[in-house]
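The following block contains the structure, expressed as structure tokens.
Labels run A, B and C following the written order; every chain starts at residue 1.
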Amino acid sequence: MDLILEGIRQAIHLLFTLDPEVLGITALSLKVSGSATLISLCIGISSGTAVALNQFPGKRLVISLINTGMGLPPVVVGLLVTIFLWRNGPLGSLEILYTPTAIIIAQAVIATPIITGISMAAIQHLPRELRLQILALGATRLQMVWILIREARLPLLAAVMAGFGGVISEVGASIMVGGNIKGYTRVLTTATVMETSKGNFEVALALGIILLILAFLINAILTHIQQRERPR
Amino acid sequence: MRIDGERILAANGLMVRRGGVQVLDIPSLAIEQGKCLTLIGPNGAGKSTLLLALACLIKPSTGTLAFKGQRLASDHDLFAYRRRVAMVFQEPLLFDTTVFENIAAGLKLRKVKHAEVERRVREYAQQFGIMHLLQRSARKVSGGEAQRTSLARAFSTQPEIIFLDEPFSSLDPPTRDSLIEDLHRILHETQTTAVMATHDREEALRLSDDMAVMHTGSIVQIGSPEEIMNHPANDFVAAFIGMETVIPGMVSSSERGVLTVSASGRDILAVGEAAPGEEVCLCIRPENVTLSTAVADRTSARNVFAASILRIIPKGLYYKIEMDCGFFLVAYVTRQSLDDLSLHAAQMVTASFKATAVHVILK
Amino acid sequence: MKQNRLWAFFWVLLLLGGALLVTAPASAAPVQKNIILATTTSTQDSGLLDVLIPIFEKKTGYFVKTIAVGSGQAMAMGAKGEADVLLVHSPDAEKKFIADGFGINRRLVMHNDFIIVGPPSDPSGIKGAKSAAEAFKKIAVSGALFMSRGDNSGTHAQEKKLWKAAGIDPEGQKWYQQTGLGMGQTLNVAAEKKTYTLADRGTYLAMQKNLGLDILCEGDISLLNIYHVIEVNPAKWPKVNAAGAKAFADFMVSREVQEIIAKFGVDKYGSPLFFPDAGKPE
């Protein structure tokens, strides 16, 4: 118990004194996971919508793959991304391994199936004839897709929150592809693991608490948008 | 098929296959400008499919459409056409926003200027009596109000043709009646051509200038409501439009436009053109059958038969009397009459109907 | 109205995302600038590199990516050409590494020592043992709990060597437990369960205050923990940053750095954590 209290005390201390290293780690976490979520959002919503709206051979298989992808173990993703990015791998010449970009890539790979799967379900859940009604109003196919996305905005925002939640708390892939380099690729989760393995449990707890606060704040904002007061 | 009046839409060889099954087969159909054509028929007859095909919302397997004489061929043609027509479905399918935004939806898609959008939304909200709901969330309006919104949304783009797929079937009768009246009025005021599917006969009669009866994907009869209601082309149409008595028989003689038809050992007089020996079907509307308990005096009705009442079925405002005259006969009577005549099952009565009330269908 | 706000929000998000990506730290820097240093967790945890790396970077303009894994994994990375220079402390494995042609210029940098720690009660009575191997034998015989790192690290390698010297095979024995974790965590587990364990002095000193474990055996020559810097062989892997690796290795054995090493930790722990050895005979 004292450990947790001590952890809370440390967290407050680190935040209030604006400890530069902690601030840097927090900003990097936000930047990396935010970027990954943004990329996944763009790819995920568009592909989820595309799969939901179109008929094509093998559609069942694709849906199964997407649903499987939602449960991809992050460490496996980390390993695969590492193999692609390291020097002697296919993308080695890009020199991306052990950079924040690598973490963004790995996290995007983790979050995209989640957002795709939920988006797909959200669009499929809309009334079947809504598409026809929108076209009947004179919409182009693009306008129709945009309106459908707007109609499904509640579950789509939930998808974004699920994707963000999945990556801000991710550590296995982040350590593998990022290398946990001080001041460069060290994020809240990887720093927490490091401090734990060093035995600095209070610091680890403090970082964990800061991570929770960060995740909560972001989700509070997104929830507010999602549940925004509809007109009377 | 009518050829007078300007053709606003013409379909040829329209066929739709779904899952290997032919669901629509229309060799030709012409929609007249400014008129309201209703499609009636049972569920699964293909009414919705035909509407979607005419509105170019689904692609037919084969067939062509011409709008105001111009063939609709390319994707661009189809898109331009879709922008000049509108469709309303059985469910209002409103968007999750205000009533105002819903009505404005079609206009906003066309990038109409804000001031004009405001003006038109208010105008059509007024027409459909929902001005007071403009700022209400679409999720919080009643079924009737929602369908009014859907109609206002469709009309606000001032379409040249409006397609309606059973727009009133999920509404309760009073709401339905008031909406039918409003729609009728607006269609006439704006001279908008309408094609509407319904399975309700009264609705069809109220709104149509022309009627088309559909059955398993084809149009079996098309014409004015009177034509259809009183001169059904075959027994399917007859049964559908409510001619409850259908009697098969054979013409025994024909004299000056009056036929004597032998059916189940009785002779029935009907007005029509047929040669003796021909097999026919006689259809009689229940409303045209009169019952009396007294021995018949001389009446103008040429067909008078003794009948035994089989069943009396209450049907809301009237009663359906099923009788056996040697052939099966159905009559409708009011509650008043039922009481006055003290009608009951197994009673013997006299049933009579005019020769002109008998509709002859050649087999 | 509401639709416009949603649109605006969407675009703001997109722009923000774009800006974030653009201002992300240099990712596609030329090969020459980045050096991948593979080293051990205990080296990193000691904090020595946090002092030395910035000095090196400022001096030479290189950007050092320190990847802290176990000695085993570090050498595996070097063997695949995925690291430029190694700073490890697993002498036997290192010699094989050089023999296999994966590394060149293996140079002595520094040493610290391992210590055997355990509960103050010392149930196996290893205090005063004449050698580390003897201490290990006593632990095995008495069946007292021993916590091993079990992770192929330099520490683990040393520990296995000592078991071999004591003629004991601890694998599978009830009293022999393996954490698979780093040094700091393993010490915490050992303290919690009151077991013996082998630790490097640096990590132990850093955690001593809260541990509750005593040093029970030290100073034996077999407990020396020797660090070497090895450059990955560019002949085998042309893509390695050979110039950078050499620069870093030279830096580590330079007199200036050796002096820093000698003084590191004194103010905090009263004694230095490492002893500089560059240039001395093996």
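Just so we're on the same page, contacts are C-beta pairs under 8 Å (C-beta built on N, C-alpha and C of every residue); 3 or more make two chains touch, one makes a residue touch a chain.
Predicted model, so just to flag it, every value in this text is computed and none were measured.
Novice: Please give the pair of chains with the highest number of C-beta contact pairs.
Specialist: Maximum number of inter-chain contact pairs occurs for A-C.
Novice: If you average the Cα atoms of each chain, whose average lands nearest the overall Cα average?
Specialist: Centroid comparison flags A as closest.
Novice: Suppose each chain is reduced to the average of its Cα coordinates; what separation in Å results between chain B and chain C?
Specialist: Roughly 86 Å, centre to centre.
Novice: In angstrom, rounded to a whole number, how far apart do the mean CA points of chain A and chain B lie?
Specialist: Once rounded, the distance between the two centres reads 55 Å.
Novice: At what distance in angstrom does the C-alpha mean of chain C lie from that of chain A?
Specialist: So the centre of chain A lies 32 Å away from the centre of chain C.
Novice: Which chain A residues sit where two or more other chains touch them?
Specialist: If we look for residues of chain A contacting two or more partner chains, we find 150, 153.
Novice: Return the residues of chain C touching two or more other chains; collapse runs of consecutive numbers into ranges.
Specialist: Those would be 3.
Novice: Could you say which residues in chain B touch two or more other chains, in rising order?
Specialist: 97
Novice: How about chain A: which of its residues touch chain B in the complex?
Specialist: The touching residues are 127, 129-130, 132-133, 135-140, 143, 147, 150-151, 153, 230-232.
Novice: Given the complex with chain A, which residues does chain B contribute to the contact?
Specialist: Residues 52, 55, 57, 79, 82-83, 85-87, 89, 91, 93, 95-98, 105-106, 109-110, 135-137, 139-140, 153-154, 157, 163.
Novice: Within their complex, state which residues of chain C touch chain A.
Specialist: 3, 6, 9, 13-14, 16-17, 20-21, 24-29, 31, 34, 36, 41, 45, 50, 65-68, 80-82, 181-185, 187-188, 203, 206-207, 237, 239-240
Novice: Under the stated contact criterion, what part of chain A meets chain C in this complex?
Specialist: Residues 31, 34-35, 38-39, 42, 86-88, 92, 94-101, 104, 150, 153, 179-182, 184, 196-201, 225 of chain A touch chain C in their complex.
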